[in-house]
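First chain written, first letter: the chains are A, B and C, and each begins at residue 1.
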Amino acid sequence: MDILNALVLFANYVFVPATAYGAQLALGALGVTLIFGILRFANFAHGELMSFGTMAVILATWALQDMGVSLGPLPTALLALPFGIAVTVVFALLTDRYVFRFYRVKKSDPIIYAIASVGVMFVMAGLIRVIIGPDDQSFADGARFIITARDFKELTGLEEGLAIRVTQVITIIVALAVMAVLFWFLQRTRSGKAMRAYSDNEDLALLSGIDPDKVVRMAWIITAILATIAGTLYGLDKTYKPFIFQQILLPIFAAAILGGIGQPVGAILGGFVVAYSEVTITYAYKKFLAYLGPEGWAPEGLMQFLSTDYKFAVSFIILVAVLLVRPTGIIRGKVI
Amino acid sequence: MSQRGALYFGIFFLLLIAVGFGQSWNVALGILNLCLISAIMSLGVNIQWGYAGLFNVGVMGFTALGGLAAVLISMPPVAEAWAVGGVGIGLSLLGLLILVAAVIFVRNNVPRVFRFWATLAVILVGVVLIRLVYAPAVDRIEAINPAHTGYLGGFNLPIVLSWVVGGAIAAGAGWLIGKITLGLRADYLAIATLGISEIILAVLKYEEWLTRGVKNVTGLPRPVPYEVDLIASADFAAFASRFGEVADAASVVVKLCYLVLFVAVLAIIMWLSERALKSPWGRMMRAIRDNRDAASAMGKDVKARHLQVFVLGCAVCGIAGAMLTTLDGQLTPTSYIPLRFTFLIWVMVIIGGSGNNWGAMLGGFVIWFLWIQAEPLGNWFMHAITLFMGDDSWLKGHLIAGAAYTRLILMGALLLLVMRFAPRGLIPER
Amino acid sequence: MSFLDASHMTGGYGRGADIIKDCTITVEKGEIAVVVGPNGAGKSTAMKAVFGMLNLREGAVLLDGQDITDMAPQERVRVGMGFVPQVRNIFVSMTVEENLEMGAFIRDDDFQDTLGQVYDLFPVLRDKRNQPAGELSGGQRQQVAVGRALMTRPRLLMLDEPTAGVSPIVMDELFDRILEIARTGIAILMVEQNARQALEIADHGFVLVNGENRFTDTGKALLANPEVRRSFLGG
C-alpha cells in the first residue's frame, strides 16, 4: 500500500494533462456553442479556424524570434497571440460576409449552413497546408517545466515524480482568464446581454431593436478569439499539426452537445468531462494499482479500459450516450 | 435525362478520350473505373441528401466497412489463428452482447437516482471482464506469423460476394446511427456520422486481429484475370500484339473487365434509384424533405422513412467501398481520410444536382476526373506564379511543395460557388 | 384624426391571399381599443399590419399624424410603438430585470426611472427581478412581456391576446394593470379572445369578421348591441 505514490502517479499522468486538455477543449467548445447559439448551425470549420489562428500565431512567433524578442521563461507565442487573433478575426468576418451572410438573408435551413461550413473548412484546410505545410511545427520556447519529475522526487523523496510543464499552467491560467472575461461580457455588458437575448429569442430581440448584424459580427469576433487562443494553447501544450485540428473537431462537438448546445457554461463543463473521460479511460492503471495493492504485487496486463488508439472513440461514445439519454445536454440546451 | 445532361456526359467522355489519346488508355480507363465507383458513392449520398435532406458526414466510414467486407469474404482463413484465438474472440463478442443487454436491463430497471452510476459501473466492469478474455486472444492471434498473417483471415469466398455483404454491413451501421440520431436536429446526424466514421476507421486501423491494421491486407483475390496470366498466355499475346505492347494491352483488358463489372453494378443501382424516386415512395420522401411538418401532419412516419432512406444510402456506400477495395486489391486503412474524401463525394452530389440521380452520377464522374487532373493543374499553377522567382528562392520551393493542397481549395471553392450561384447543380432535379 | 389611424388596410403574408380587407383601426391617447372577432377573423393579422409585420397592398398607418406605412417594425419601435407578441414574448433564459433592460435596448438615456415605474406597476416583478423569466408563472411572464414593451416608453402599446392561457383571476388583474397603463396617457390596442371581459374595459371596440370591419363602436355600445351579443359574445 502506497497511496501517496499512487496519487502522484495519477496526478502526473491523468489529472494534470487532462486538466490542460479539458481547458483547450472547453475553449474550442465555447466557440462552437456560440456560433450555434447565434447563427444556429454546427460549424464544421471550427477546427480549421483554430488551426488557422494557431498558424498565424506561429508565423508571428517565428518573426518575433527572428527579431530576438522573447518573454524569458514564457513562450514567445503569448506575445504573438494578439496578431494571430487579429488575422483570424478578419478571416472569420470575411467568411461570414462572403459565405454565411448570403444564407442568413435567404433564411436557409441550418443544414445548408453546415454544408457551407464544410466547404469553408476545405478552403481553409487547403490554405493552411499551402501556407505552413502539413507537417509538425514546434514553436514553444522559454522554460519547459515549472517542476520536473526529478526535482519533485528529490523534493518529496517519493518514488514517483510529478512534472508540471509551463505550457500546462499557462493553458489553465489563460483559459480561466478568457472564460472569466467572456462571462463578464455576456452577463454584464449591453452587447453581451444583446447576444444572449438574440440567442434566446431572435424575433423578440429584433422587436427590441437589437441589430442582428452586430450580434452576428460579435459572435464571429469572439469565436475567432476563442479559437485562436484554444488552438495556440493546444499547439504549445502538444504540437501543431494541421491534421490534428480535423480530429479535434469530434471531441469539441461532443463537449458542446454534452454541455447543452448554445450554453457557454455547459460547453466548459462538457470540455472537462470529455477530457477527463478520454484520459481516464485510456490510461493504463497497472502501476497505479500496483502501488495500491500489497508490496511486490502487480496486476496482469495493462489494466486499461480502452487502448489509447481509441481516444476519440471516447468522445463519440459520450456523444451517442448524450443523444440517447438527454439530447438537450447537461444544462438544457437550445433546441433539439 | 435532359438534353443538357446528355451534353454534359458527352463532354465528359470527350475529355476522357482526350486523356486516352494524350496520356494513355491505361490512365483513362483507370480514371473511368474510379469515376464509376465515385458515381455509386455519389448515388448513395444522393439517396440520403437528395431524396430526404439527410447530411451524412461519415461516408468514408461506411465505405471502409465495405472494404472490410472485401477482406473478410475473400481472404483465406488463417487456421492457426482461429485455433488459438477464435474462441477468445467469439467469447468477447458474446460478452459484448451480454454487456449491451445488461446496460439495457439496468436502464429499464434501476431507480432513476442510481441509473447513471449503475450504468457506468456495469459498463466499466463489463469492459474489464471482456478484456480479460479479449486481450490474450488478440495477442495470440497477432503472434502467428505477423509478417504475413497475424489476423483471422476471411472466408475464402468469391470477392464479388463482398459487394453485397459490404452493403449489408454498412446498412447495419447506418441503422444503428440513424436509430439514435434521426429524431433529432439534422446537424446531430452529421456530427454523429462524423463520429461513427472515425470509430470505424480506428477499428480498421488498430484491430490487427481483424484487418492487420496498418500492416494492410494485400493481394486480395480478383474477380478478373491477372495481367501476368494474360501475358503468359500465348493466345492473348498473339491477339494483343496487333494493338501494341502486350503488357499494356493486358493491363487495359483487366481494366476493361473491371469496367464491365462496375458498369453493371452502377446500372443496377441507377435503375433501382430511378424507380424508387419515381415511385409513390420517392414522391413521399421528397414531400417529407420539402415540408416535414406537413408530411408528418398527414400521418407520415417521418422518422421511420428517414431511417429507411438513410440505411439504403449507407448500403450503397458500403457496396461502393467493397468495389473500391476489390479494384485496389488491398485494404489500407490509413488511406481512408474521413473528412477529405467524404467531402469530395458531397461536392459530387451538390455540383451534379442534388435530388437528381443522373446529376449525382455526372457529379461523380466529373469531380473525380477534376480531382485527379487538379494535381498536375495545381502544380502547373504554382510553377506559373513562381516563374519570376529565383530557383533558390525559399518561397518558390515552399509554394511548389504545397501545390498538392491547392485542390482542397479548388474543391471547397467549387462547392461554395455552386451552392451560392447554382444551388440546383449541373442537372437540376425536376 | 385619431392618435393611431390605420385605415383601409388590405394585405396578407408574403404573396399569399389577402387576409385583411379594407380594415380600419383607430386608437386615441389614453384609451383602450380592443379588436375582437371569431377565430380566423384576422384579428392578430390586423395588429401585425399596424406594426408593419406584413406587406400592405392598400391603406396607410399614421401614428400621431406621421405616416409610418413603410417603416420596418424595429423603426416603429423607435417612433413610439410597443408590441407584445402572443407567444414567445419573453427571453426565458434571462432574468426579469435583464428582460426589461433588453426592452430598453434602443434607449441611450438612463432608464432607471422607467424600470422603477414598471416595478411599481408590477410589484411582483421587483421581488423576482433576479430570477430567470422562464421560471415564472404564466401570469407573471405576461407581466414581464408587458413590462418589457413599456421600457421604451411607447406612446402606443399593442398587446396580442395578453390573456391567452392564463386563469380568470390573473386575467382580471392583468386587465386592471392595462387600465392603469392607459391612465398614464398611453394608447392601447389589444387583440382579445375573451371578448366580453375585454370590451368591458375598452373605450372602443372593433369586431372583425373575415378580415373586414363588421361593427365599430364604443365598448359599452358593443356589449349592449344584441346582434354582437348573439353572434360574438355567446348571448
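In this section, a residue touches a chain if its C-beta (ideal position, glycine included) is under 8 Å from a C-beta of that chain, and two chains touch if they have at least 3 such contacts.
The structure presented is a predicted model; accordingly, all values stated were derived computationally and were not measured.
Chemist: If each chain is a node and each touching pair an edge, is that a line, ring, star, complete or other?
Modeler: If you draw each chain as a dot and join those that touch, you get an open line.
Chemist: Averaging each chain's C-alpha atoms to get its centre, pick out the one most distant from chain A.
Modeler: Of all chains, C has its centre farthest from that of chain A.
Chemist: From the C-alpha centre of chain A to that of chain B, how far is it in Å?
Modeler: Each chain reduced to its C-alpha mean, chain A and chain B end up 30 Å apart.
Chemist: Between chain A and chain C, what distance separates the C-alpha centroids? Give it in angstrom.
Modeler: Centre separation, chain A to chain C: 46 Å.
Chemist: Roughly how many whole angstrom separate the Cα centroids of chain B and chain C?
Modeler: Measuring from centre to centre gives 58 Å for this pair.
Chemist: Give the residues of chain C touching no fewer than two other chains, as numbers and ranges.
Modeler: none
Chemist: Can you name the residues of chain C that touch chain A in the complex?
Modeler: 73-74, 77-78, 83, 85, 88-94, 98, 101-103, 105-106, 148, 152
Chemist: Residue numbers of chain A touching chain C in their complex, please.
Modeler: Its residues touching chain C are 190, 193-194, 196-197, 200-201, 203-210.
Chemist: Taking the complex as given, what residues does chain B use to touch chain A?
Modeler: Where chain B meets chain A, its residues are 53, 55, 57, 124, 127-128, 131-132, 135, 180-181, 184-188, 190-192, 194-196, 198-199, 202, 205-206, 338-340, 343, 346, 350, 398-399, 401-403, 405-413, 415-416, 419-420.
Chemist: Provide the residue numbers of chain A that touch chain B in the complex, in ascending order.
Modeler: Interface residues on the chain A side: 41-42, 44, 99, 102, 109-112, 114-116, 118-127, 129-131, 133-134, 246-247, 249-250, 253-254, 257, 301, 304-307, 309-310, 312-313, 315-316, 319-320, 323-324, 327, 335-336.
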